[in-house]
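Next come two complexes built around subunit A: one with subunit B, the other with subunit C.
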Partner chain A sequence: MPDRPCESGFLLRQASGGGFLPAKRPLTWLVVGLATFGITVLVLAALGPDVPRAIATIATTSFRTRNGFVQTLLKLVPVSLMAFAFTIPLGAGKYNIGGEGQLLAGAIGATAVGLFAASLPRPLLVPFVLLVGVVMGSLWGFVPGWLLHRFGVHEILTTVLMNFVALHLVNYVAADLWPDPFAGHPTTIPIAREAFLPLLLVRPPLHCGPVIAILVGVAVWIYCCHTVAGFELAACGANPRASKVFGIDVRRASLSSLMIGGGLAGLAGALEVAGVHHRLLEGMQSNFQTLGILTGLIAGGDPRRVLPVAFFLSVLEVGAGALQRTMRAPIEVVFLVEAFVLVAVLVSDRAGRWRS
Partner chain B sequence: MTETAAPILSMRGVAKNFGLQTALQGVDFELARGEVHGLVGGNGAGKTTLMNILYGMYRMDHGELKIDGRPATIRSPAEALRLGIGMVHQHFLQVPGLSVLENIVLGTTVSRPLTMDLTVEARTISRLADQFGLALDLNEPIEGLPVGVRQKVEILKALYRDVRILILDEPTTNLTPQEADQLFSTLRQLVSRGLSIVFITHKLKEARRACDRITVLNEGRQVVTLPGTTDQETIVRAMVGDRLDPGKSVLFTGSRGDETDRVSPKEVVLALDRVFVTGEGPIDRLVDISFEVRSGEIVGVAGVARNGQGELADAIVGLETPRSGTVLFNGHNAGHNAGLLTIAQRFQNGLAYVPDDRIRDGFLPTADVISNLILGSQDRPPLSRAGFLCWRKITDTARGLIDRFHITVADLSQPAGDLSGGNIQKLILARAFARQARLLVAHNPVRGLDLAAIEHVYQELLALKRMGSATLLLSENLDELMLLSDRILVLYGGRIAGTAARGAFDRYELGRLMSGAGPTV
Partner chain C sequence: MTGSFSFAGFAQLMLFSMVPFVLAAQGTMLGGRAGVFNVAQEGIMLASASLGFLVAFKTGSVALGFGSAMVLGGLSGLVLSLGSTILGMNQFVIGITLTLAGLGLSTLMPKLAIGVTLTPPLAPTLTNNPIPFLGKMPVLGEVLFRQNVLVTFTVLVSIALWYVLFRTSAGLILRATGENPMAVDALGLDVFRIRHIAVMIGGMLIGLAGAYLPLAYTGTFTEGMVKGRGWLSIALAFFGGFEPGRIFWGGLFFAAVEVLAYRVQIGGSWVPYQFILMLPYLATMGVMALSSRRSRIPGFLGKNYDRERRSTSSQGQG
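Showing the complex of A and B:
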């Protein structure tokens, strides 16, 4: 046995729903990588474009230009936060499929503050914008959590339904409540300049969201692996009955996991408003929920892996955008690649276990 | 069937590995026609693994298997049955909604599949039952039958499938002494009519009573095959090697070593007063239960499984709220009315718990060993401070427990689900004893443990008693209760059917109370 204190690997792993562990063998990863690459080539070849150029576009857009890299970092912020919004409840055995609604709720809250609390001094205003985003997101997580706690309504159903509530609310806010009459699309008027996120880089603009995402990553890691609450969450995910028998309040744990997840998704929404769009706009949720779930699963729930995986998927996403623009290839190629990476990771996990 | 000189079954050089773990290694086993052959050994000795290989649940890595002197390969239980090998598992595989008859024919081809008219089958089974002295009412629903009867159903099930070799895995686990006696005479009837029986057990007394020969396994190796008349000490030596000194053992001397100690009256740690518990459904699962457990006292609760023991433990731990009555724990009311303690509060007040169903109630299968060892103690010093886990302290504690309880683990971050049943039980016990509890509620604490580990648990229980803790020991093993308890309560049908104080224990009297017959006087 090693002499250093053992920091339970289980607590890291549990965040992915328990037991799931990406294979450690480099060979497995090589096979996964080659297989993914092979499928990508086949799909691209079937669709027609010049395959080597297409692959080069996907792989290098993020790194060829400064703008490409900044776009990638900006994408990484909501993707990683949405990954945490999924993995933290999953660690407690709860499926949060409502990240999208929680993100939008956070965005609505942030917009409201940015519009109506603009007289606050800037050092207070920006944190307030983000805080209200977190609170709104966590409220969106609280509703399913409470319905589960009180009536045992399954959280998959309620989190998904809460997405629809948020989508309609965004529509109402952007089209009817505070609409921008000059936009051709449901959009609110812009928030006050003072509520914008501080920039790390001016040209191209890069807001401080990536720093916040990294801080959140560290906080989630501490929470999962070094706090009693994180331990209890993981215990509930591993065996709710035994956790209850040994004194853990299981229902409270699942409620709080959904609220924390919702809060992080809400933060993502607030960052998008205060950092990127500077207003609430319909469709701003993009495909972040799907990417977040993919990221969380590929990372095996390990908070230390979420950021690198989110970066990897952001590179693919930015590359896909470029592919669509320059070669008119369908963006769905990249979804295929992402989905295949996930399947390959899951399969490699099972394969690794069968062999032992 | 040709009559040959070869034994009905012979296994030679059997080896089986699970991953890096060696389960069996060069084991020879031979079953003669018409004998009861005991297979004894501690946890992880490989008894059940060996028989699971024979029954087609596992494939062996090396070795050969001969039935009637002819080489055979068995790839599934269906193939085993075709060769005339049947197994009665420790946990019966019976369908609750069906009758005895339907349970027996389930999975076989019936003569009238469209109408499910089972008259022909019923006649065959009745004849078998008469022939082997297993009187049964075939039309009764299976649930609600006593365990002893349900076991007869399992045996009939095997006989109906024409088995010649019958494997019984720990068949006496849930039986009263009377039911066990009956089982042993049934076994004699079976062998007298030509069956050959493998009897897996870790209880030596039984093995010596029931078996013609005994094969001892120790850590996956076959140690020796002895006649059933061999003295206990020789068998014990073969089973445990040098891990235990029978001379100093609580288990083998049959004494706690404190018979002369004066037990002075101590404070009451747990008091139940007129407790009624309703489970699911309208029937009270516990009826008018009142007793006290004092500091420095071990109170045993005897009874056949599912006579209210689970509900009693649940009411004390706080999983079940009594319909009426009070549970006083350390002076706090933990009953149905005001002052209700949460489960967490009871743990904070010095409760330790070893649940009966360890996998369901006590264990995080996907979690690592270290997480399992701290479950229930994670929320206060020294293992955590101000909400943060102290991993250094946790690691030290976990290592200490693994040494103290001889838990076989690769390392602390090994997933606990990979451990053997005995090691899981040790882990749950270690966690409970680590708490130095004011009140320990232990339900079948040594189930699945080997002799050396059982001895260790008994020593720990007695040490806890000496330290002044109160223990409520719920067990289906009368020997264990008589050995350790200061008092024994017998539960039958959710009521206390009787009590006996140390010095006045009589196993047949207790057995009568357990079967609901009431006291003889």
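Showing the complex of A and C:
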């Protein structure tokens, strides 16, 4: 334990048997990297496009042009926040598969504020939009947390079920409640200009979300690794029984971990509304939940690793988008690559433990 | 509710819609009884719906479609049980990974095999097989005996599972594996092998449930067509307390809620239809909350068994 000061409780428990731990040895990472590269080449070769060009597209789109880099940063925001929404409850041994619903709930809240509180002064309005997003996401995390706290219903189910509730709610809000009659797709009318996130760059537009994501990353790291509450969370994940004996309210810790996670996913939704779409639209959740969970698992729940891993996956996603546009390769190719990275990380760790 | 409501029609649709819930929940139950908690139903069902549809579309044979879906489901189950036994990995982590993989595969496979088409490609679907004589009965015949083969299969499988679990020694061993693998190990039986078999057969049932959606409902595969039925079936397994009989009756209830929501949506009501569509998910959460105290779950559910660990109290921490 002393050599791993910042590992979440879940991982500590897994270290004692039957779990996963991200590989620590550079050699393992090298093997993972090479194997991933190999499988990418094989998949691309099977699909037919010019392999070297395809790989160059995936790897360099984010860095070749300014626009590519901005796209990558914009992707990083929801992916990293959704990853935190998954890893914080994971640290307490709880599985939050409801990031999607929490993101949408946050987006609904942010849209409502952006539409109806537009008379507030701008320095108040933008934080208010984000705050309501956080509160709504947190509420979406509270329901499964409360069902767990009060009735002992497994959170992995209820978090997912809340996703479907949110999906239908978004459809109601965007298609029936505040619809934009000129959009061909369930979409609300745009929020007030004053509620837009401040821009860091005007062309191509880059809102200040990436800065917020990095600040959140630092805050999560401090919370998880340097506060009593974070330590209690980790303790509950590591050994619920011992935590209880030492006077920690384990069930309340689970509840609050789900609410914090939900709040961060809600923040992601509010940032997407206030920074990117400027309205609520159906399908805005994209595949952020999947990417967030992948990020959280590849990072092994360690808050310090989430941002770099999220950046890596964002590069892959942006590259895959370009690949689909220029070479007509299906975008799911990159998904196979991501899945393989995850499997390689999980398995290599077990293999590494056998040797030692 | 519209005027065209008929009890027989409702009951027939209910039995028809029960199949994916009950099959997937029995699959979950089977793995759970051996102590392996499969949470990949949604992904496995999506992938096998996609594969089952593609095979049926290419070969023109519904049976081959269902067969391939079963193989895929069985393989996913095997990945779960091998990963959690031999590699000793966390069952939830493998399940979540499998869910994501199934999600990705389900959209990738049609793109590779068919490509993007303007009109949805149609595969043959299951036809209703009226049972001779019984199918000619007035109301009861319509409800019970003029259904497709898989409805009958689901009923038979549920009965068979109940019999095997509670009336044979193999079932006793399986239940013991989920309650106390140390005892099973002490008897000289191979805990891992029991888990492999149970989870693999469970996965096959889940695959079958997935393929039922394109091959009985629509004739085509659409993205995300499982619509949470995989997750609902996990809830159903809990609701049924991991007992085949109670899962079957619970499945009828789940199907009734689904059909009811559909009927109300078509018939129109003063509540916006989106709220009606939330009903199955909300009802499930409510039912889970109310039944959580009463329903029993296997003691070792979701926990890995490690022979090397000596003390029984430290068993199953992972």
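As a convention for this text, the second predicted complex is superposed on the first by the 336 of 356 C-alpha atoms of A that agree within 3 Å, B and C clash if a C-alpha of one lies under 4 Å from a C-alpha of the other, contacts with A are read in each partner's own complex, and residues count from 1 in each chain.
In the analysis below, contacts are C-beta pairs under 8 Å (C-beta built on N, C-alpha and C of every residue); 3 or more make two chains touch, one makes a residue touch a chain.
Model, not experiment: these values are computed from the prediction.
When the shared chain is aligned, subunit B comes close enough to touch A:Thr227, but subunit C does not.
Contact with subunit B, but none with subunit C, is seen for A:Ala235 once the two complexes are overlaid on the shared chain. By the document's definition of touching, of the two partners only subunit C reaches A:Ile156; subunit B does not. For subunit A, the partner touching the most residues, choosing from subunit B and subunit C, is C. In the superposition on chain A, A:Ile248 contacts subunit B only, with no contact to subunit C.
When both complexes are aligned on chain A by C-alpha atoms, subunit A residues 13-14, 18-19, 239 touch subunit B in the first and subunit C in the second.
Partner subunit B is touched in their complex by these residues of subunit A: 1-2, 5-11, 13-14, 18-19, 225-229, 231-232, 234-235, 238-239, 241-249, 356. Every residue of subunit C that touches subunit A in the complex is listed here, in rising order: 39, 42, 87-90, 92-94, 96-97, 100-101, 103-104, 107-108, 111-112, 227-228, 231-232, 234-235, 238, 272, 274-275, 277-278, 281-282, 284-285, 288-290, 292-293, 303-304, 306, 309, 314, 317-318. Subunit A contributes residues 13-14, 16-20, 47, 95, 97, 143, 147, 150-154, 156-158, 160-165, 168-169, 171-172, 176, 239, 290, 293-294, 297, 330, 332-333, 335-336, 339, 342-343, 346-347, 350 to its touches with subunit C in the complex. Taken together, the subunit B residues at the contact with subunit A in this complex read 19, 317, 319, 342-344, 346-348, 353, 355, 360-368, 370-371, 374-376, 378-379, 384, 387-389, 391-392, 394-395, 398-399, 411-413, 415.
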